[in-house]
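Look for subunit A in each of the two complexes below; its partner is subunit B in the first and subunit C in the second.
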Partner chain A sequence: MSSPLENPTDFSARERRALETLVKRLGDDEFVLAERYTEWQVRAPSLESDLALANNAQDELGHARLWYDVLADLDVDERDLVYERDPADFRHSTLVELPFAEGDWADAVLRSYLYDAAEDLRLEALEDSAYPPIADRVGKIRSEEEYHLEHARNWLERLAEGEEGRDRLQDALDRLFPHALTLFESATPPVETAIPTREASGSNEIERNTDETSGDRSDADAAAAVEGDIVDFGLRTATLEELGEEWLSIVVPFLESLDLDVPIDESTIGEGVEYAVTVESLPTQLGRDGTHTDAWFDLYDDLTHTYRELERSDAAKIREDPDR
Partner chain B sequence: MDLETVKDRAGPRAFSPADDLPQEYREAATRMIEFHANSEIMGAYLERPFIRQAPSIDRKLAFSAKVQDEIGHGQLLYRAAESLGVKSREQMLADLANGDGKFLNCFHYPMESWVETPMIAFFVDGAAMRRQATLRRTSWEPYAHAMDKVCFEEGFHVKHGEDILQELMTGSRKERQLTQEAFEKWWPRIIQFFGPTDDDSTHHDFAASVGLKQKSNDELRNAFLDQYIPKARNYGLEIPDEPRIRERDDGTYEVEEGDLDWDEFFAIAKNEYEPGRDQIGGRRAAQEAVQWVRETIDETIARGHAPRAAD
Partner chain C sequence: MTRRSSEAGTDGGSESVRGSDRETTPCAYTEYREGRDTEECPATGDGATGLEADVWDALSSVEDPEMPISVVDLGLIYGVDVDGGAATVEMTLTYSGCPAREMLTDEVAESVAAVEGVEDVDVRLVWSPEWTVEMVTESGKADLRAFGLSV
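And now, the complex of A and B:
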């Protein structure tokens, strides 16, 4: 691990890129998941579940706001992060962007479970982040996520008791599971990195463009390199591979205990490694590399509609800076 | 207790579930509170799409919280209505879904653009606040009690609505123009929010005589206009020429009621206004789509398994 990262203005280009890539994958996941959760407001099975789901949506939005705010120190504001960003430059997992079929409450609670179980592990790996603003945010976020996980587990258990509920959960699991695995994919660094000076930004472009291999290859290499940096710089204290394995070792037995078949390739269960995320089990779009399902682009259009309609150039802040 | 005794004793928070009240009172109170609860739900239904379309994360959070608050108010109010022993929450929600449940006129109109949001969140909620504040002194104690929480939270909604209005009216020329257009569209509906003049109001006399209703339609409308005409002007909105509003010598207002579309208003009151029917139908479809969840939970309970985590 390098020396603790204190002052963002002293960051090297690589450090900035690692920080921005990490924070975008965190913030984007929360932001897009919250967008999807809000679809359940006024549509949940009961007034009580409506209130609970709305709570979770607001928690996730609050977390997105906290993560995005980390980048304010790198001169990246909400306008750049949400309203003016190319939707293909978002780094969330495809799990969070998929639309809900009307009434598919099984999808909502299963998705929440798959996500929150991963979220818990990743927050644990950020608790001792070398970048204090990240470590400082973990406590608040984690306490709320623990409640979400409990809520999702309770619902799964209740739905799995009935035949229709279990069938619907199985359908949702078959559909969602490959997308959940993308949570542990490394993210391609953003095209425009958060380096304040244009020259530094330009040097990154050159680095990318002079790569002799194909675009895909260079993106994958860049993703692997920046993911290596995230861990080497101590921004996160566990690798994605470790997180993925741990997640599988938790969610697979739990889902099986509900009589659900987890669509996982049993051949990957080998010596020493109980479970592993394999390339074959991943969906076509990974999210983390900027490829997304069509549903994301529609969602992005919808959520930026007002901003474009009113020709805005700013996103109004009405709350205080969380660091103050 | 007979009706005459009820009228004699009618005062703020005078009656509770411990009292033996005549059916006429129970039914009138149920009708009034059910209408209020339904309005919370349908208002939330109308505003939900703007959680997504809100042009910043903070606004999105505030809108999500507002919609959640409205559902919470609905929950509280259905409970206050249920305590009268006339109708269960399930019956009221089923009636709302099948088109029998009545709710506020403003929530029958679809909302298409963000510039319309302050028309609800500032003007309609502001109007509702005035009425709700008086209902803290209603004679049915559980209703008055629910109003304490509702009024507290509505205060935040109105502030947020006002903040959106201010942002729009200090924004670009285009924003100001679109907001003025939205205001002109909504202004007559907002005035009709208070219902027809007292002469034409069917339920007022009885509701007032047993202390359920504290102020007449005209009194509430006057108080609203008194406060909100200057506010609207202050933000640069022009009050439309129609309906004509005359200021009397005593500072109160007289609305030329003939300038308002009462055919539409009464069609809405009977749930016969087409766009409103679409909203009722949209909500019903969403509720039917999750019927399987409610059935699954009911079966679990029937098998003797206590429901875990009730939400």
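And now, the complex of A and C:
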């Protein structure tokens, strides 16, 4: 078992890289999903659903911030993480970046369900993280996330009751499901933390997976290596494969209970594998490896527009505090 | 829920209750983590003396931006540590997406910095244990009720 990671200034380059990769995939998912949710403000089908989704967006922004704060100990601040980052360095799943089909509430509801079911599992796998700042955040985030899942499930059940609603859900499912699978893809380490050629740490334990030819490694190998480190160092206590299987075992039966066809190979070969995720089930862009759909680059341009064009990097005080 | 009457039964009467209390063991399926004693959160500064008491007084003057209640009574302050002139405040927020985050942490830092004898302030945001309405002090609950909230 790995010992608790206490002081980030003592981290080896590999520990730092693992932490940064994990936190970016967590924070980026929340941040980008929140940006998309806000598009529903004043457009959701009822005042209640409008407020609910706006509130969920605010929750996700808060959670993104909680995750990004973890990197503050490594001297990476929010501005670097949001406004000064190359959009190709974001590690979110493509599920959260896709634009909503115009006016399609079924898309918003289904996306929320697919995402929140996955988030619940991954938070559970972070509760006993070896890095205390991660573990300490999980309770707060989970307590707020419970409502998201409940909200999504209730809406799914309501929409699936009628034929038109179910048809729309089916369309959304066919479109979104491959992207949801990227939630469980391993993330390529962010570019600015390329491993130094020589490890500072002399520990054999830390060195054991170091590839001599790391300079030539493909991104996929680097992603697999850093994902192995995330689990080996105890930052997360379950593998992505375990999380993905558990997620399938929850969402597939639930969606099928709503008379929806889940677009995934069901194999009953008798090895305990009920659902198989193959390369063919995944979209071209995985998000986690830094490849994204064009929609993400457009969204990034939009959300950084004011920062870039008007050079507004800080909130300005328009007038002095009248109470002073 | 299963009452453990079979163990207590032979002793009989109220004696058995105390007897089984003494045998209380940690819950088998709960993993106990090292960390802050959640019974101590929030902290209210009761019994603080000297400069630390002055820091608590300063904190009591900082109000939530939306309700007439101090951050101390709201239960946001988890600890104050004064070492020489250096004050460290551990606090939380009611909500992870709190839009008043900077406003509150800045105000806490400013009010503590203004205390005579404090030379340096470090405000640390912590999230565990997570804040719930149970963290509000009795006098804080009275303030919130007067404001029209049911707590």
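For this structure, a couple of remarks:
Keep this in mind: the second predicted complex is superposed on the first by the 281 of 324 C-alpha atoms of A that agree within 3 Å, B and C clash if a C-alpha of one lies under 4 Å from a C-alpha of the other, contacts with A are read in each partner's own complex, and residues count from 1 in each chain.
The criterion applied here is as follows: a contact is a pair of C-beta atoms (placed from the backbone, for glycine too) under 8 Å apart; a residue touches a chain by one contact, two chains touch by 3 or more.
Please read all numbers here as calculations on a predicted model, not as lab measurements.
On the superposed subunit A, the two partners subunit B and subunit C both fit, without a clash.
Contacts of A:Gln58 after superposition on the shared chain: both subunit B and subunit C are touched.
Once the two complexes are overlaid on the shared chain, A:Leu159 sits against subunit B while remaining clear of subunit C. Once the two complexes are overlaid on the shared chain, A:His305 sits against subunit B while remaining clear of subunit C. With both complexes superposed, B is the one of subunit B and subunit C in contact with more subunit A residues.
In the superposed model, subunit B and subunit C sit 70 degrees apart as seen from the Cα centre of subunit A, a figure rounded to the nearest 10. When both complexes are overlaid on chain A, the residue A:Trp105 reaches subunit B alone and has no touch with subunit C.
In the superposition on chain A, A:Lys140 makes contact with subunit C only, not with subunit B.
Of the two partner chains placed by superposition, only subunit C is touched by A:Leu66; subunit B is not. Once chain A of one complex is fitted onto chain A of the other, the partner contacts of A:Asp10 are absent, as it touches neither subunit B nor subunit C.
In the superposition on chain A, A:Pro45 contacts subunit B only, with no contact to subunit C. Legend: residue contacts after superposition of the two complexes on their common chain; A:Glu78 is shown touching subunit B, with no touch to subunit C.
Subunit B and subunit C never share a C-alpha pair closer than 5 Å once the two structures are laid over each other. Within subunit A, the residues touching subunit B in one complex and subunit C in the other are 58, 61-62, 65.
Of all the residues in subunit B, the ones that touch subunit A in their complex are 41, 44-45, 48, 51-62, 64-65, 67-68, 71-72, 74-75, 78, 113-115, 160, 163, 167-168, 171-172, 174-175, 178, 283, 285-297, 299-300, 303, 305, 307-311. Of all the residues in subunit A, the ones that touch subunit B in their complex are 31, 35, 38-39, 41-52, 54-55, 57-58, 61-62, 64-65, 68, 78, 82-83, 102-103, 105, 150-151, 154-155, 157-159, 161-162, 164-165, 168, 302-303, 305-307, 309-312, 315-319.
Interface residues of subunit A facing subunit C in the complex, by the touch rule stated above, are 58-63, 65-66, 69, 128, 132, 135-137, 139-141, 143-144. Of all the residues in subunit C, the ones that touch subunit A in their complex are 31, 33, 35, 95-99, 101, 125-131.
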